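Look at the two complexes coming up: chain A is in both, with chain B in one and chain C in the other.
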Partner chain A sequence: MLYKRYIEIGRVCFIRLGDDIGKYGVIVDLVDQKHLLVDGPDGIGRKVVRLNQVALTDIKINIPRGCKTKTVRTAMAKEGVEAKLAATSLVKKFAAKNAKAQLGDFARFKNRVAKTASNRKIRSTVRKLKKSS
Partner chain B sequence: MAHTSRNSTLPGGVPKLSRSAVYKKRALYKRKKVATVPAVKEVALTKTKTVAGEKNGGTRTVPVQKSPRFYPTEDCKTPLKNRRVVKPTKLRGSIVPGSVVILLAGSHRGKRVVVLKQLPSGLLLVTGPYKINGVPLRRVDQTYVIATSTKVELPALPAIGDEIFKRKGKPTKNEKEMFVDNAGDNSYKISAEKVALQKEIDALVVPAVKKVDMLQSYLRSRFTLTKGQFPHEMKF
Partner chain C sequence: MKFKCAELKEFEIVGRPLPKGDEKMPVYKMTIFAPDEIVAKSRFWYFLRQLKKVRKVNGEILRMTEMSNSSPTKIKNFGIWVRYDSRSGSHNMYREYRDVSRTGAITQCYRDMAARHRARPHSIQIMKIEVVKAADTKRPVIKQMHDSKIKFPLPHRILKFNKKSIFVADRPSTMQ
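Coming up: the complex of A and B.
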């Protein structure tokens, strides 16, 4: 099987573009070839999103098509979607990228200094190992 | 005690209440008119002056305000009074005494410096500190600066104004020397007063900088953009 994550009712998707960037929702219905009806916690509510705004995750919950927001939220709470999502590499990478963007000039400087120092150490150790081998 | 107007104007310049309505509202017939007449000060129009000389009568009455000797041929309108209040430019919220700031123009462009205060002229007073990155006490406009979120805790600094930054103008040549080339040494020389002030300020600011880990090396480095970095997308 080429694809493991399908667009299906109950698939949890992570919104990676647009106004609701960083939020997640569950696919509740399909609007057309390129749009999904997604429902999520308070921050996002029930809305139509474009397929390209969204990244599918491994998490899938059991909900009937077009069910009410209340049903969706209880099902999400039951499955512990939020905790599972926080453990995915997708969300972790997103959080890391976000954190990096929030760094100030001084923090960026300190990171750069630390990186060059560690790179230097790595290179010198590699060189030493090469010499000894 | 005067009251605010008991009438108001409607759009179009029409007063809201009629004469009789205002009269009723004022109800002066119910009150005692207490008109405080300000005491009229007696201003002397003439004064007597003693005059020297035997045959000049000893004294003379002279008007206090002399009538003008000269009247213009045409009556000119007096220009309106200038009520402009000069205030220093509004400082960006991100710039505060002690904040580290990136200079964007001038010979020190890219350098990170410490803001000391806003001068009465509106410009920022900034120092490297000189010991750390070679930027002396300098005035800088806040528009030529990127404010970072880093702040240094500055101790109480001596008062500095715009006066020390005023440059002495070129000496005006008189007729004889008009064509003599006195070019000589017209270059700007830093006054001893400035050097002393710089040392004094550095002695206060440098220890405050050294307290923060890595801040000194940060101030020594210049700000640059690398590939993929866009200032409008970066947080400072």
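Coming up: the complex of A and C.
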């Protein structure tokens, strides 16, 4: 099949925009073509989010449509959603981007110095190899 | 006129004509959807004046309460009966919306009426709003969501455009 990630009941989605950025939830129901009812851990609870706020993941759990929060939470715990999610590249990239944004000026300076030093070493090694070949 | 807020609020307004002496005056109750209390009171008198022989000058508001959403995490199908003035006449309509709250559905209705019929809020009158069971809904847009195994992909997903990448070497992927 061409498409692997669907908007469907039980799909785990990662909130990439808005007030709940960085949190995740399971799609419990669909309001319309552009709004989802998601339910997640305490940080997000049960709320309506817009489709464009959301990034789909590969994780899908089995829950009935519109089920209660307790059912969702037990299903999520059973499937180990949190651990699976932390392993996805989406979450890893988001965490890395966040960490970079949180860096202070000194940390950025240190990174810059380290980067120029390593680049210099790489370039000099490449030049040496070119000369010798 | 009004209605540029994020979401309308639902008010229950009770009012009556001012008593002349010991006379017992009839009491009238209305449900008004408005962005704030001031507009709500204004609309209350506007409708009451049309229905009964009482004006704001000769009347008083006994109680005004803002109604809260009964089940804010349960998706419902709302049927809304509307009366609106078009450029050439007045018409009744029945419209359906799916939302989590009455106020959300009414807000959608106002936006929708403006978009589809260029109707301004002052020319729209909400006659009735009711939760409709899924089997009794009429509109295909609403009925299409009544599928217990509903599922659709997001083909060719274009997310917010990053202006830093106007010119790129490789075509960006729209696979979600």
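What we mean here is this: the second predicted complex is superposed on the first by the 133 of 133 C-alpha atoms of A that agree within 3 Å, B and C clash if a C-alpha of one lies under 4 Å from a C-alpha of the other, contacts with A are read in each partner's own complex, and residues count from 1 in each chain.
The rule is short, and it goes like this: a contact is a pair of C-beta atoms (placed from the backbone, for glycine too) under 8 Å apart; a residue touches a chain by one contact, two chains touch by 3 or more.
The structure displayed is predicted, hence computed values, not measured ones.
Colleague: Taking chain A as the common reference, can chain B and chain C both be placed on it without clashing, or not? Answer clash or fit.
Modeller: fit
Colleague: Examine A:F109 and indicate which partner it touches, taking first as chain B and second as chain C; both and neither are also allowed.
Modeller: first
Colleague: Which partner chains sit in contact with A:L37 here, chain B, chain C, both or neither? Use first/second/both/neither.
Modeller: second
Colleague: Looking at the overlay, what does A:R65 touch: chain B (first), chain C (second), both, or neither?
Modeller: A:R65 sits against chain C, while chain B stays out of touch.
Colleague: Applying the document's definition of touch, where does A:L56 land relative to chain B and chain C: first, second, both, or neither?
Modeller: A:L56 contacts chain C only, not chain B.
Colleague: Figure out whether A:A101 sits in contact with chain B (first) or chain C (second), or with both, or with neither.
Modeller: It touches chain B, and chain C stays clear.
Colleague: If you stack the two complexes on chain A, which partner ends up touching A:R73: first (chain B), second (chain C), both, or neither?
Modeller: Neither partner.
Colleague: In the superposed model, does chain B or chain C contact more residues of chain A?
Modeller: The partner that reaches more residues of chain A in the superposed model: C.
Colleague: When the two structures are overlaid on chain A, which partner does A:I9 contact: first (chain B), second (chain C), both, or neither?
Modeller: Touch partner of A:I9: chain C, not chain B.
Colleague: Using the superposed model, measure off the angle between the directions from the CA centre of chain A to chain B and to chain C, in steps of 10°.
Modeller: 80
Colleague: What does the superposition give for the shortest Cα distance from chain B to chain C, in Å?
Modeller: 9
Colleague: Using the touch rule from the top, collect the residues of chain A that touch chain B in their complex.
Modeller: Where chain A meets chain B, its residues are 101-106, 109-110, 113.
Colleague: Please output the residues of chain C touching chain A within their complex, sorted ascending.
Modeller: Checking each residue of chain C against chain A gives 73-75, 98-100, 141, 145, 148-155, 159-160, 176.
Colleague: Please output the residues of chain A touching chain C within their complex, sorted ascending.
Modeller: It is residues 3, 5-9, 17, 29-32, 37, 46-48, 51-52, 55-56, 65-66 of chain A that touch chain C.
Colleague: What residues on chain B touch chain A, complex-wise?
Modeller: Answer in residue numbers: 100, 102, 112, 148-150, 214-215, 217-218, 221, 223, 233-236.
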